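Take a look at this one; I'll ask things after.
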Amino acid sequence: MTTSPVRFYQVGSFAVGNRLLDDADRTVQSDPHRSNSLDSGHRACQGCGEALGARYALDAAMRATGGQLVAVNATGCLEVFSTPYPETSWRIAWLHSLFGNSAAVATGVAAALRAKGKSDVRVVSQAGDGGTVDIGFGCLSGMFERHDDVLFICYDNEAYMNTGVQRSGATPPAARTATTEAVGPEPGNVFGQGKDLPRLAMAHGIDYVATATVADLHDLEAKVERAMTFHGARYLHILVPCPLGWGSASSDTIKVARLAKETGLFPVFEAEHGKVTAVSPIRRRTPVEEYLSIQRRYGHLFGEHGRPDLVARIQEIADQNISTYGLVDEQPAVTEPSEVSA
Amino acid sequence: MTAAELLSVAAFSEGRHAQAFPSFGSERTGAPVVSFCRIDDREIRTREPVMEPDALVIQDVTLIHQVDLFAGLSNEGYILINTSKSFDELGLGEFVRQLHRERLLTCPATELALEHLGRPLPNAALLGGFAALTGKVSLDAISSAIRDRFVGAVGERNVAAASAAYRLVQVAEEELSHAPTT
Amino acid sequence: MLRQLEGSRAVAETVARCRPEVVCAYPISPQTHIIEAVGALVKSGALAPCEFINVESEFAAMSVSIGASATGARAYTATASQGLLFMIEAVYNAAGLGLPIVMTLANRAIGAPINIWNDHSDAMAVRDSGWIQLFAETNQEAADLHIQAFRLAEELSVPVMVCMDGFILTHAVEGIDAPDQAAVDAFLPPYEPRQVLDPNHPISIGAMVGPEAFEEVRYLSYLRQLDALERIPALAAEFATAFGRESGGLLRSYRTEDAETIVVALGSVLGTVKDAADARREAGERVGVVGITSFRPFPLDAVRDALSGARRVIVIEKAFSVGFGGVLSTDVAMATHDANLSLRTVIAGLGGRAITQRSLEALLADAAKDRLSPLTFLDLDHEIVERERSRMGATRRSGPSAENILRDLGTVASKIG
Amino acid sequence: MNKPPFAITLEVGSSRANHTGSWRVERAVYVDRMPPCNDGCPAGENIQQWLYRAEPGDYEPAWRQIVEDNPFPAVMGRICYHPCETACNRAQLDEAVGINSIERFLGDLAIEHGWSLPPAGAPSGKRILVVGGGPSGLSAAYHLRRLGHGVLLVDSAPQLGGMMRYGIPAYRLPRASLDAEIDRIVALGVEIELDHTVTDIEHERTEGGFDAVFLAVGAQLARRVGIPAGDSSRILDAFSLLHRVAEDDPPLLGRRVAIYGGGDTALDAARTARRLGATDAVIVYRRNRERMPAQGDELNEAIEEGITMRWLSTVNRFEGDQLILEKMRLNDEGFPEPTGELEELDADSLVLALGQETDLSLLEGEPDITISDGVVEVSPAMMAGENGVFAGGDAVPSQRTATVAIGHGKRAARGIDAYLTGGTLTDPPRHELATFDLLNTWYYSEADRTHRPELERARRQSTFDEVVGGLTEENALFEARRCMSCGNCFECDNCFGVCPDNAVIKLGVGQRYEIDLDFCKGCGMCVKECPCGAIEMVPEQI
């Protein structure tokens, strides 16, 4: 029998795939023929958020560019677990040079492609938070300032995981790392420090800046796709939980990322030419405790010797984000990702 | 440095080996600098600064009592000073008596520059004067070097300044050659 | 065609004729005139296709070159001194990845005290980076070496550094023949990379290599440098036939046939040394000169042969290893360890100190009388040194030596030459 | 291009040689769990499955999935008390899925399009006598025919349907829908004998040479209590009231009607009385609302229609047009106790809705059949005794609803089939229940339930038009898609997508997935992110 078009669906609206959708409307990750840019056999830990984020982002970029993609990788976990001689997990053209120069190397790749007239080939540069906000920032800022045709992706796991979980410029307040131990009157990382890279990127006036988490694949893929419509410097900041460094269950990686967004601690938004153009509203507002208490890096905040005062300060940060970015929608969030004919 | 370079170009254009280089420094425009030029018929291999010049061109007369400008100058040496004053007026009367009088001249290059270019850039005039004084390069070579460096009107004005200086120096040389020797 | 040109200008024009596709620049004296001139050629369209990129640091300059080279583009940059040290991590990386980048090094001292003048400390600091290092004696050679450098680098997939003395060559105006385009094209074929980032033939470049293979990787790069020892003279010979002049090669000997004393040196000082040698020969001393063009790879055999007849070898160095002495000397010593000769190290021209023929002749005279100590610092002002030492001995807070000494000298730049 | 440099440059995908599966201490395993809706359905419908089919708009396959178990979707979609919705996990998220209304939509669609039931099975040569043409008898007949057995269905009433016809008013179950679904069953080749009351089961069985008998005689005798009443006082029972209305012979009730009882029948009677013209219809019940057996939504509908309630009251006596009620109170156990306090209620008639009993006189002389509390004891296969006599519906101990009866019919049919083929009915092992805590509801978008339209009150008080309307297709589809597919994979690709090691293999539509144990490191992310709880971790045997 024939049926009329229906402007909704809910069966797993937020799931990776949905049998009620046309192929075109489905995520890249639901496609059995996805490029698997980062292939099996890599040496990432169980439940590695970075491995997931990298495959999500690069597969999306591969679809957006019809496979005409070159990736440059900074030193870090991703590089180490993906390419230990004699095996590589990459299925794409990939180059690793140094820790702090991936943005500049990508600039060189883009320049070479331009000189050779290969305008169809696009360049992605990827780094962890250390290779982005700290040691790599000089080159990154230069790449931004020149508006080089590079999409820079930061996989933010909020510390130097490759070297054994030391504090980075992206480590959040109160978080315990090997260099911000949970001792003393101000246990864990100091409040009021750290770089807000997305904001710094926006300050460069580059075409496109966005944040995302591995918990919302639809959002992440849409942003990569959007980023690829610009020719110029672009920045995508993806939160990728690290079970090892955060002390969360390997099975909770996506849950933790989801809570980071739902608590407001990690604002998910989009900005074009220096202006915020869209935010992903919080769907189920959650107190920060729920996020913090499932991570051992915050273990010192709870229990009998816990620090509710510090938890309260973290909640303030979340509330500040919520008001700054307007993360709590007055109208109910739009929950149907797209319409579908049944 | 411009003067030394132009001089080297002029010499080069006359088929000689020439080498010009500055006293390398972090000086900014206007600060006192020394630059060197070697002219030879053989290949010039040395890279040392000119310690014993055959000729000394002083663009900024105010330096003469600050730095020992004349160190290393042989008694056979030439001196050309950018000034409208005489050696005596400069207080160099005593010093120059030990040298060949006809190899020592002053030339108001800056005035000539102001007259021909409207700017106090004495290089071209000094080169014209140098050509006349030493006869080591021709005025034509100097002029073509200037024209290579400064195209169009600017070049021509510089050439004019150089030629003017050249004539002035020739006249002065004439006078000296008729002057009674004491 | 021979023209009266500034060294930097000649190098820039020659580099342009090598058709680099990506050039990046970060300014530092005395390299500036080179990249300014290349930049102008790109902007004017005279050099195309070429991307000229103004970067934010030397570290970025080398990194951009790495990316460009790995993407199959001919990449060029230039730097000096502190700049080289700032990019040093990327310098090693380029060599490790086997990317045939060519870089001009306008040799300059390294601070502190900050000093913009010429010596070879910068080149020596990356001696072990895996780059080929060629030293130019004249501006003509500096220009010519770049053509050979691109050819050599791309044949072997090894980066090449062309070293030319800062200011002394870069800023000197002299008669130079900047080779014309046709000749360069005939000598230098288009770049065919050994590996390239190509979405249609993806590979992973820059893997992590553990103990199981690292030594082999290093040994392979050593073998490539040995290959270079073969290719460098071959290319020089090919260049000579193509361009009608001697440029490059491993080393060049001057009047060494019957020489009792041979002076070994790198770079532009060789001209003055040759003049001094001629003068000493007129005084009856049998002096010869060996100029080393290829410092890395170091031509042990060629050096051994070149020095075989000598009784004395004097290595004049514009750099030194504080706490030891000569750098080049140790390499020469390694080459001549089984020869029966006395080897003397002379440190000279540090931080732009003029190396004069007079001083060199005095030095050679002493050498002839075997009065030269194993390690000599040419024209060192012992009085100043003693004064500062006593100052240091007297009061703990004696202040920075450099400033103290300048105060003693009451010096001006022009006096330093 | 020539060979890339040794070690520093590598050929793509080479890491697949590195089988990281060896790191694993636990492995992910796909499971099927029992969805609460299926678990709660007395008719044993595979609700989740037919919803799954309905979601893309494949309505006929969805309907066929229903009639696998229940030939009465249109009827069920109206009168079933839908324990499936009570059990639905979605109720804990927002509101239960409107399963009942979707079933009605599908049932009505099937009637509209004339979809026919699956054909009768190949003749087995066996004949079964089914006594009673109510839901359980008809259900049994349907399933027996599909199994290939011959069926004679006898009923004492002039029409088939039993309580569905004579116990449930038309405003709840329009006769057209009922007839349509009954006719479909009859069309499978069921012999029918109406107006025939079986008095001696043994006799009829041997007469007709039946291989087995299914008793589905229902509970047709109204339970009565002695109420002191004057001659003029009019008392009748709810069942005969509804029965006579069903046969277009409504009794005269007067303007003020009291109904005594708290069950659904009491409500039906009261609402019927309103429709027959009663201005006051008052339900007298000895417990309170919380303890009322009737279904909540029907009570609300009744109250909307102007029915009033006298809670905690019993009928003491009926004098002329005055009903004397006694107030009750609930003791600690929640049982009502008399208070001795009396009050009056004007009433022209009193309708007794105190429940029904079963007439089992036809079983007299049957050996080894146990009757207790007025109903027949049956085995799990619905067999009463050893000799092939089966029973179901209101005649056996259980909840007395049409849905339960239909379930009995199916079960009895299978029991009979097993009996005739010399086997015994065995149930497949039941899956573990898919409880709410096993779900990850994040992946289901917010979607409030759509409710069925209701007839405006004015018409409801005067006519027997159906009160509750059906869903539009769009609403039905929306509602179907609210199903969370508890405990069973609906191929959302989450596991396929969230595996950081690409260790989930997608086998294609309908084929679900497979774990690639060469690479599965056992992180457990797929389990946590499976929306419907269809994956579990099991320890590796080391």
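Odds and ends about this structure:
Each chain gets a letter, A, B, C and D, in the order it is written, and its residues are counted from 1.
Basically, a contact is a pair of C-beta atoms (placed from the backbone, for glycine too) under 8 Å apart; a residue touches a chain by one contact, two chains touch by 3 or more.
Please read all numbers here as calculations on a predicted model, not as lab measurements.
Taking each chain's centre as the mean of its CA atoms, D is the chain most distant from chain B. The distance from the centre of chain A to the centre of chain D, each centre being the mean of the chain's C-alpha atoms, comes to 49 Å. With centres defined as mean CA coordinates, chain D is found 116 Å away from chain B.
A straight line joining the Cα centres of chain A and chain C is 45 Å long. Mean C-alpha position of chain C lies 93 Å from that of chain D. Residue positions of chain C with contacts to 2 or more other chains are 97, 198, 201-207, 209, 213.
Taken residue by residue, chain A touches two or more other chains at 82-83, 85-86, 88, 90-92, whereas all remaining positions touch fewer. Under the touch rule stated earlier, the contacting chain pairs are A-C, A-D, B-C, C-D. Touching chain A in their complex are the following residues of chain C: 21-22, 24, 49-51, 53-57, 59-60, 63-73, 75, 89-90, 93, 97, 197-199, 201-210, 212-213. Those residues of chain A whose C-beta lies close enough to touch chain C in the complex are 67-70, 72-73, 79-80, 82-86, 88, 90-98, 100-101, 104-117, 121, 138-139, 141-142, 145-146.
Every residue of chain C that touches chain B in the complex is listed here, in rising order: 4, 6, 29-30, 116-118, 165-168, 171-175, 268-272, 274-275, 352, 354-358, 412-417. Across the complex, chain A is touched by residues 7-8, 10-20, 23, 55-57, 59-60, 113, 442-447, 473-474, 477-478, 481-483, 485, 490-494, 496-498, 500-503, 506, 508-509, 516, 518-519, 521-525, 527-529, 531, 537 of chain D.
Listed in rising order, the residues of chain B touching chain C in the complex are 4-5, 8-9, 12-13, 17-27, 32-34, 44-49, 51, 67.
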